[in-house]
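Look for chain A in each of the two complexes below; its partner is chain B in the first and chain C in the second.
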Partner chain A sequence: MNALELKNITKSFGFNTILKNVSLEVNLGEFLVLVGPSGCGKSTLLRIISGLESSSTGEVFIGGKNITLVEPQNRDIAMVFQSYALYPHMSVYENMEFSLKIRKLPPVEIRNRIHEIADLLQMTPLLQRKPKDLSGGQRQRVSLGRALARRAPVILFDEPLSNLDAHLRQQMRIEIKKIHQIFKSTIIYVTHDQTEAMTMGDRIAVLNKGQIEQIDSPFNIYHSPKNIFVANFIGTPEMNLLNGEMRNNYFVHKDFDFNISKDISSHDVVLGIRPENITLSENQGIAGTVQFFENLGPNGLLHVHTGNEVIKLFIQGQNIPKINDKVFLNVDQSKLKLFDKKSGSLIQ
Partner chain B sequence: MILFKKLHTFVFLCVSMIIFSNNAMANTTIQLWHQMIYSHREVLKKVVDDFEAKHPTIKVQVTYRETEELRSAFQSSSMGGSGPELIYGPSDQVGPFATMNLIRPLDNLIPIEEQKKFDPLALVKFNQKTYMIGNTVGNFLMLIYNKKLVPNPPKTLEELIKIGQSLTKDFNGDGKIDQFGFAFNFTEPFFFVPWIDGFGDHFMTEKNQPNLNSKAMISAFGLMRDFRDKYKIIPKECDYEMANSLFKEGKAGMIINGDWSWGDYKSAKIDFGIARFPLINSTNLWPAPLVGTTGYSVNANIEDPLKLKDTLELLNFLTSKETQLIFTKEVSTYPSRFEARLDPLVINNDILKEASKIMEVGKPMPVVPEVRAVWDSLRGQYQSVLAGSATPEQAAQKAQEEALKQIQSMNEELTPGPTLYLVWLLFAAILGFLLFYIATRIKKFLKDFKGANKFPYLMMAPAFISIFSVIIYPFFYNLALSFSNFSLKTFNNWTLIGLHHYQSVIVDPKFYEVFLKTIIWTISNVFFHVSIGVLLAVIIEQVMPKKNLWRTLLIIPWAVPQYITALTWRGMFNQEYGPINIFLQEYLKLSPIQWLSQPWTTFSACVITNVWLGFPFMMIVALGGLQSISPDLYESAKMDGANAWQRFKHITWPMLQPVIRPAALLGAIWTFNTLNVIWLVSNSGEPADQTHILVSYVYKAAFNLYRYGYAAALSMIIFIILIVMSLVVNKINKESKESNS
Partner chain C sequence: MKKSLSWFTILLFCLFSLFPMLYVVSISLRGDNAFGSRSLALFNSQSTLKNFSELFLHTPFLKWMMNSLYVSTVVTLSGVILAATSGYAISRYEFKGKKIMLMSLLTTQMFPATMLMLPFFIVLSKLHLINKFLGLIIIYSSTALPFCIWQMKGYFDTVPKELEEAAKLDGCSSFQAFYKIILPMSTPALVITGLFSFMSSWSEYLVAAITLQDPELYTLPLGLKSFQASLATQWGLYAAGALVVSIPVVVLFIMISKYLVSGLTVGSVKG
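This part shows the complex of A and B:
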């Protein structure tokens, strides 16, 4: 049985359609990440699951039960907000206690649960403090703890880490993932940060303009993007996308061409190749001029100018070409992706 | 630079204007303060212009002031040794002014032969001396009848009752009277006292003492009650405005009202006639309306003989036959000079002719200050009779006792007592405090002022001066008054007497009764202000579409001037016609409540009115507070499983506390100190002074009964109560804040 199922969810505000016919199934205990650019509808989708927003059409099922018309307070879903939404007049303990008290759990049980979570999240010393006396990271922990203490079968995360600095964010990513492994709750996690999506999700659903472009494991999303949008959106730095056309097994670009031993029927194509799949070569391949070098620490990103395009590739080691040096680029044929220019979908 | 030049030009202009106007101006300037209504003011201006043309050396400055303001402004300016040379106002201000020596007797200034040319009603005497000359007589009550309904006015009481009964009708059979035979402001003693004379006695003796415990009084009490309960020819509850509008709408055949109302009825197109009060059959006597005058008095402070001469010149001109006739012609006043009454302008005026016949049976309006005490005690007891809580006999006896008691306390001249030493001790303590704690600061200030910070101090000076003059000085002046014998009799030579007034406040059981009422008043008001305010704010903020529209609509009660709201609510509480009772009867099938004639219902009416006036403030405060609560919190609470009530209880209410608490404390102080609503809705404490809170009680003591020292002591006590209250509330707030954090 699925933990959660969405059937044909559509949401419009006036003439503005935010979600178009979205269907989705989330397995029990799965960590699903909804990722997409701003305005793609991912937060709206999450709010429809939570019940804070109602869908225009479509249905929501939790554990096989249709809860489309059920009020949020009766859905038994926990949620972690981007702003943390801690109750400022209550202590950390009271914040965590609130939902349990509302649900009339026995006091002993409430105390045990809170202390268990507080130990886990290392916030026992904070229990008597008010939210205003906590740092951003601590507040995030409390907000997380509050959701966990509920032991709700489904926990929703609405961009929970976006207010934290890079270092904390990384820490919390790991922590949330660890907690998921302990509690095995079903988690739906919204983010616009594809690194977060890649590192945390069991599966990732990429949303664009109110539709799910692809839903798959992080590995597949990265290595087998279904279309140009997913290819471009996932991965830092993004995939190199080169416009060109196919002529007799040859990919012909304005400035260069090379043989692709694949039988392609399309004419206008976009060739996609990730930066790590391009290497520098001595004297053959695509010719270009070095434009810029980004030092990323363990490796570096070289920007190479080839006529009208800029191709990015990772390089390692000491021999870094200088700016304006002439270089040749070798493409790993087995890794390149071809997309139909018109439909944007993967050809091969 | 430019600014300086402009300033320079401005100063130059001002100075030259003063010099120029001084040169061009007359030798004497006479100030005249008056309270004439608009149409009369126009005539006065013409007359004064005429006077100035004839007397080029005299300049007259005319200033209009509303009656009560005229009274207080004249009082304070004359006490300070200045004030206008001439003051024009109603005759009843003569008593207090003469007692305080603010106006001078006119007998030495105007020869007796000249005085004899005036109607004695227009020569206002106090202690056998004339203090005011009226240029008109009037201000008296009469029977006014609608000729359409009453072709011939009733001559006798029997006729009045008969006509009244035949006209009092319920046209549509709904059990409510649609047309009354008779209507007047019968709960007000001024409208009641003429009847007493019809039964053979006057409410004051020749010696200006109260004469309330008389057989005539008992009969008159009975008659008023019978008009309402036995003959049923007047409405059950009827104040001035209601009687007036019934008559103007043709829904009342007869009314008792004064000459001032004629214009009103003319413009309402009522074909009316005037007549005497009806003859009382059993005694064969006419009820006697009080006839007053409005006239001129001369300031006691004029010392320059030339100025006095010019003032008298103006006084003579203003009361001359010619001037009186101009007023008669323009605004139909009845002249006070006998010779002016022979003029065709008067003789041919039917209304004035009838008016003079009515005045023949009138009695002069008493001018002694004691009359206030008489009105006051009469009002209370009279209303007890009407409310059914006292028999006429009991009420007459009690009214007399109370009047004597009030006159005694009004006139008591207290002498310094043994507690005076305590007062000096207190003053010494205050002085010591100032010396020890403020002296060092003053020293620092002086040093600072001489040094670099002169300019900032100068910039602060206006604020400091205004705070000093409107808060600090009045406070200490009030403190001094509270230890003094300041009253009507000791106006010019009051001294400190000690703690007398504090003692009398503390032993007075009435004080504790009023204090208890004040506490009930404050708590119930603040409770409803906060609960209704917060409820509406939550509904507007969280439920209603078009928030701004609702917010604006609900602020309206706050934006409307308080007195309009208070009087409107007073009308709504009317026993027969008030929408509130109509609602109770029609929709809830309850019996009507006599809102304004029973103590606790009147008190409730005041609370309801004040709740209506006060909730918008709390609503605005709560709306502000609500807007600062992040919507995320409600969403979070929803996700936590909280329903609407739990969200209110656990999120909204606790988060509103920081704004609601100070607002509620402020509201409590305002409510504790609010005078308007109690005063206007209960018509200054009706019934029988049962509806008072401390401030209205103080107000009454100070301004109705001239007991300034007593009132000052009482207000100091109120001040202390409020200080203690604020300290306690602050402490509670602080404690709960500390326990929260």
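This part shows the complex of A and C:
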């Protein structure tokens, strides 16, 4: 049985449609990440699942039960908010205790649960503190602890790490993933950060303009994007997308052309190639001039200007070409993707 | 130099503010019931507490105080409860006529009290509420409430909605989220609202004068006024009464001063 199912969810605010016919199934114990650019409707979808927002049409099922019209307090869903949403007049202990008290759990059970979670999240010394006495990372940890103490079958995360600094974000990513492995709760995690999506999700759903573009494993999303949007959105830096035409198995670009051993019927295509699948060559391939070099630490990102296009590729080692040097680029043909220019869909 | 100048200015203003009060203290301690004096001394060899003992033992001052306390307490409680619930509803919910209602509430504050005397009197007499505390309470509440509602609405607007949403997902109904989460963290606004309601009824004279004619029902301002006669005003009693009247307000201020700090929502959400 699915832990959660969404059937044809549509949400409109006046004439503005935020979600268009979204259907989704989340397996029991799965970590599903909803990722997409700002304003794509991912948070609205999460709020519809939680019951804080109602859908214009469509149905929400949890454990096979239709909960579309059920109030949020009766859905048995926990949520971790982007802004923490901790009760300021209560201590950390009271924040975690609140939902359990409302549900009239025995005091011994409440105490045991809170101490178990506090130990796990290393929050025991903080239990008597008020939220104002905590750092951003500690507050988010409390917010997470509050959700976990509930032991709700479904936990929703609404961009929980976006207010933390990069180092803390990375730490919390690992912690959340570890906790998921311990508790095996079904998690729906909203983020606009595709690194978070790639590192945390069992599956990723990429949303754009209120529609799901692709749902798949992080590996498939990265290596086999279904369309130009997914190819462009997932990956840092993004995939190189080159507009061109197919003529007799040749990809013809304004600045260059090369043979592609693929039988393509489309005429106008977009060629996609990730920066790690391009290498520098001695004297053959796409000719260009080095425009810029970004030092990323273990490697670097070279920006090569080919005339009308800028192609990005990763390079390693000491021999970094200088700005304005002439270089040649070799494309790994087995890794390139061709998209139909008109529909944006993957051809091959 | 600059700092000394600031201190000197502050001191000057403090003295300026304190002088009338000290003058009242000095009148209350004099035994001659006189208003004027040739001396600026606060105490002298003839200083006495006779006016205070007379106030409590030979006038119905305690009765007036109980009347004022009763009226003010009811007005404060009803004001806080009604302002908190309606301010919350206005802040959080969208309904037809909301803007018009808010503007109407504001408009009621634009009429001077004297202009409303006659309509108030007519309404109260038609409802047979003249010479009854209920009449006074209704008027005090209705005049203080619009400001209190605006004040509470303004405060609730600053409380992040995520807190109620978190409470709902924790298992609270809308009302539970209000009284278990939002209300306890609204103490500063509730205190200010309560204080405003209390003050507006504790020291009010004009409405009380047209509503209460029976001396048994007099509130403190009416009682104090009764010390004033056309030929012989009892200034000593008057001053002693005025000082005693101000004590509950001062005590109230001191008691609630710890709540009069902003920032109770600090730490609840990011920022």
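Some notes on this structure:
We adopt the following convention: the second predicted complex is superposed on the first by the 348 of 348 C-alpha atoms of A that agree within 3 Å, B and C clash if a C-alpha of one lies under 4 Å from a C-alpha of the other, contacts with A are read in each partner's own complex, and residues count from 1 in each chain.
Note that contacts are C-beta pairs under 8 Å (C-beta built on N, C-alpha and C of every residue); 3 or more make two chains touch, one makes a residue touch a chain.
Quantities reported herein were computed from a predicted structural model and do not represent experimental measurements.
Taken together in the superposed arrangement on chain A, chain B and chain C clash. In the superposition on chain A, A:T44 makes contact with neither chain B nor chain C. In the superposition on chain A, A:S83 makes contact with both chain B and chain C.
Looking at the shared chain after the overlay, A:N208 reaches neither chain B nor chain C. Of the two partner chains placed by the overlay, neither chain B nor chain C lies in contact with A:S55. By the document's definition of touching, neither partner reaches A:T191: not chain B, not chain C. Within the superposed three-chain model, A:L134 lies in touch with chain C and out of touch with chain B [touch as defined at top].
Looking at the shared chain after the overlay, A:N163 reaches chain C, while chain B stays out of its contact range. After overlaying the two complexes on the shared chain, residue contacts for A:P72 are found with chain B and with chain C alike. Residue by residue along chain A, chain B and chain C are tallied for touches, and C comes out ahead.
On chain A, the surface patch touched by chain B in one complex and by chain C in the other comprises residues 50-52, 71-73, 77-79, 81, 83, 85-89, 98-99, 102-103, 130, 146, 150.
Across the complex, chain A meets chain B through its residues 50-52, 71-74, 76-79, 81, 83, 85-89, 98-99, 102-103, 130, 146, 150. The residues of chain A lying in touch with chain C in their complex are 50-52, 71-73, 75, 77-79, 81-89, 98-99, 102-103, 130-134, 136, 139, 146, 150, 163. Those residues of chain B lying in contact with chain A across their complex are 630, 632-633, 635-643, 646, 650-651, 654-655, 657, 740-741.
The touching residues of chain C, counted against chain A in their complex, run 160, 162-163, 165-173, 176, 180-181, 184-185, 263-271.
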